[in-house]
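Shared between the two complexes below is chain A, which has chain B as its partner in the first and chain C in the second.
Right after this comes the complex of A and B.
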């Protein structure tokens, strides 16, 4: 009976989870080599060559990884600091409400908030103007569609930090870090030693898979960089959609090339993350 | 799954799987093809009868509230009252429409999701490329007799003959806009633009979309030396020569563009607010600049003015198409016929409403309508098309657009 239930579960997982993903991937591969698509006429590697030669993919990849990496590091650090500094206060209703509110905000909305607040014609620019700090709207610093992706990172950090606060608080309680801290202190450890040898290792060890997944999630995010990013380089999802929706139908396959490379990378990264997690838990 | 297992007797569980597989594979399979349609040869009476009481799915760009208002509060109730047609609107413009039709072609879907689409020449070119349109149907529409078939702006779209494969709905000219309270003499030629951006750095940009590329086409035409310089089929050598000149000029001016030319707006729509706040001093758009409703809503100042480039700006029409696999072609024809009726076109032209130029030739209209069209109220703020059209140019061949899109990115944005 239990065996059969397991089989049905597995079958459903394959049908609903694996099959659509694999079919989409196979379709993208076929499209990228010209074997699918009404405007394509047979096998060719020219789309792969075009993507490789333009160098746009690598630029976009580096740009996306940079943005995702910085956003995750800043969010994790900020969340860690908030957790350790305000662990007691965070139990209060009003403070936790303020901190967790961004969790309920979808990416698109967060991006629009950023535009409303930080654009040259946005709220802060108007304050600055009325306070006499700037004489014209265009003197306000560049935070939206800017070359350093500050707007994108700010949006990511706003959305992601509360999640990590929640996560670290839970781990802090479940792993009884407070008791362990007391124990370490009673054994003579100073505050710095407790932080670096006890608290941080425990919190990070329990959460690094999720931190890694968040990096992948941000790497592939679409709406926020679409609204807040610049035209070149663009983050991966924006680049892929742009290529797939482009005016020149004969080059749509190039978008699928990027999508295929990106999928392979993300799948490998995910497998690696879980494989290593499994082996560490096995060992532990 | 737990719940399912516990609540169903053992036999049922085995039935569940084939059902699920059937449902899933049913989603992927194509519908059965409909009975052979002979609508191309059918009389209008047959089409009208077939259209009665049907559902028509219409995919259109929904980014403008006056347009949405006209469609939802005028067209939808009218076609319901007159023909008992349920007109259902879904949102989607150029690329989404092309993606949808292409996807359905690739999957062999016989009954498509949409019956009619609102398109411009760019999408027409793409849909013709993938045989995504059904027709010719325009001559079948009774109200098409009010449209002048000789008008080159209505019968040629991006230098491609329309041949009844799409029906014109509106016509408009591209115009540049400025605030006369801030700018005394806006630029009307490329040398004037150069002087202008150097004197007012950061106040001009080119949106990396259809609208921006339409502006670049005006620039390209100016470099060709005449308003008709780009007419005719695509000329590779001419394009190479003119575009090289254009990229040199744009790259020279780039440091004086918005954000020092380090990036460009993805879409023209974001430029409205930047123009309103004074961040940009020059903007542009179809619909003779599209000033009227923005001034009325208080977004633009009343001192906003629209004008054409000295060598001319693009004058073009937008159209309705019927998709190749539309399940309800008769219904779509009935709706389109209503939308080009003298009544619906007059209502559409209301400067306090959608404010969009009719495609009907007034001299062909019956007397009672002629009088109404001649007494039509005029715009308070924006220029009329007749004021601008002395400086108008035809849409050049689609290949110019394809190349401009591609190379504006590689030659200007990424440089």
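Right after this comes the complex of A and C.
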């Protein structure tokens, strides 16, 4: 009976979780090598060569990885600081509500908030004008659709930081970091040694898989870079959708090439993350 | 006196948890402290370790006033009730933790840790992580990690409370052996009457934040407040043929 239930569960997982993803991936691979699609007429690697030679994919990948990496590093650092500095205050009901609130805001809404706050015609620009810091709106720094992706990163950091605060608070309590801190001090550790030898290693050891997954999540983010990003380079998902929706039908295959490469990279990264997590869990 | 505690008081909000605490302890001796839950034993140990600040009073260690010293400067190690090991470090690194803080040469650390592992009878466990050990083994690591730093004073807060009877007995023997080998001065808090008598060179009883140190073990046994008389009467009733030794 138990075995049967297990088999049904496995079947449902394959049908709902695996099959659609694998089918879509196979379709994308076939499209990328000319074996599927309206204008394609047989196997070819010219779309792969075109993507590779244009250099746009690599630029977009580097740009996306840079944005995702900086956003994750800043978010994790800010969340770590907030957790360690205000762990007691963050337990209060109204403050924990304030932390939970940004988690309920969808990316697209967060992006619009960023536009309203940081655009040249936005709220902060108006404040700056009324305070006499700028003489006209165009003097306000570019924070939206800007070349350094500051708007995108700001939106990502706003969305992700509260999640990491909650995560670190949880691990701090579950792993009894407060008691381990007292113990380390009792064994002769000063504040700096406690931080670097006890607190950070314990918190990061328990959360690095999720940190890695958040990097992957931000790498493939769509709405925020679509609204706040610049024309070129674009983040990966925006580039893929742009290529796939092109009027030039031959370009669609190139979009699928980018999608296939991105999927393979993300899948490998996820497998690596979980494989390493399993091996560290096995070892302790 | 090696340790001198003078008129220490500590209150949490309206409740006075430690009341006018004064006692002393000679070097290389163990003072067993008995007392019911919530009587202020843990607070007293944490005050000595510098983890809780007293409202008033003074603590002298080896003639030096340590009231204002931070926990890391006191050379007093407080051991928790549970075997609290660093979860991200191997057994070897857990034991070596205090030595690494002192930036001791690697060879010296290795030699000391290997010696301690031998004393703790934990050979072959050095590369394991804490969760791979049994409760008794973890408690031994916890002892070793504290003792290897050669603390001036060791504060043990019901260290064997969570162990089964057999393991508890072996740990008591091991502690006696280590205390003699490393010439440890310690305060040993326990709920167990027999353990208090076995482990302590001196015995004290804590009641509502006040500590009574007995001049000898017989005085402790004779005091009806300690519960020893009740214990003897209980066993006497179970075994009617035996006579009350006191």
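Definition applied: the second predicted complex is superposed on the first by the 284 of 284 C-alpha atoms of A that agree within 3 Å, B and C clash if a C-alpha of one lies under 4 Å from a C-alpha of the other, contacts with A are read in each partner's own complex, and residues count from 1 in each chain.
The rule is short, and it goes like this: contacts are C-beta pairs under 8 Å (C-beta built on N, C-alpha and C of every residue); 3 or more make two chains touch, one makes a residue touch a chain.
Model, not experiment: these values are computed from the prediction.
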Larger contact residue set on chain A - chain B or chain C: B
Which superposed partner A:180 touches (first chain B, second chain C, both, neither): second
Partner chain(s) touched by A:147 [first = chain B, second = chain C, both, neither]: first
Contacts of A:41 with chain B and chain C, given as first, second, both or neither: neither
Touched partner set for A:11, first chain B, second chain C, both or neither: first
Touched partner set for A:201, first chain B, second chain C, both or neither: second
Partner chain in contact with A:190 - chain B first, chain C second, else both or neither: second
Chain A contact footprint on chain B (complex, rising order): 1, 5, 13, 17, 20-21, 24, 95-96, 98-99, 102, 105-106, 122, 126, 129-130, 202-203, 208, 259, 262-266, 273-274, 276-279, 401-402, 405-406, 409, 413-414
Complex interface listing, chain A residues touching chain C: 175-176, 179-180, 182-190, 193, 197-198, 201-202, 205, 283-284
List of chain A residues in touch with chain B within their complex: 5, 8-9, 11-12, 15, 19, 36-39, 56, 119-121, 136-138, 142, 145-147, 226, 230-232, 244-249
Residues of chain C touching chain A in the complex: 49-51, 70-72, 75-78, 80, 84, 86-88, 90, 97-98, 100-102, 128-132, 145-146, 149
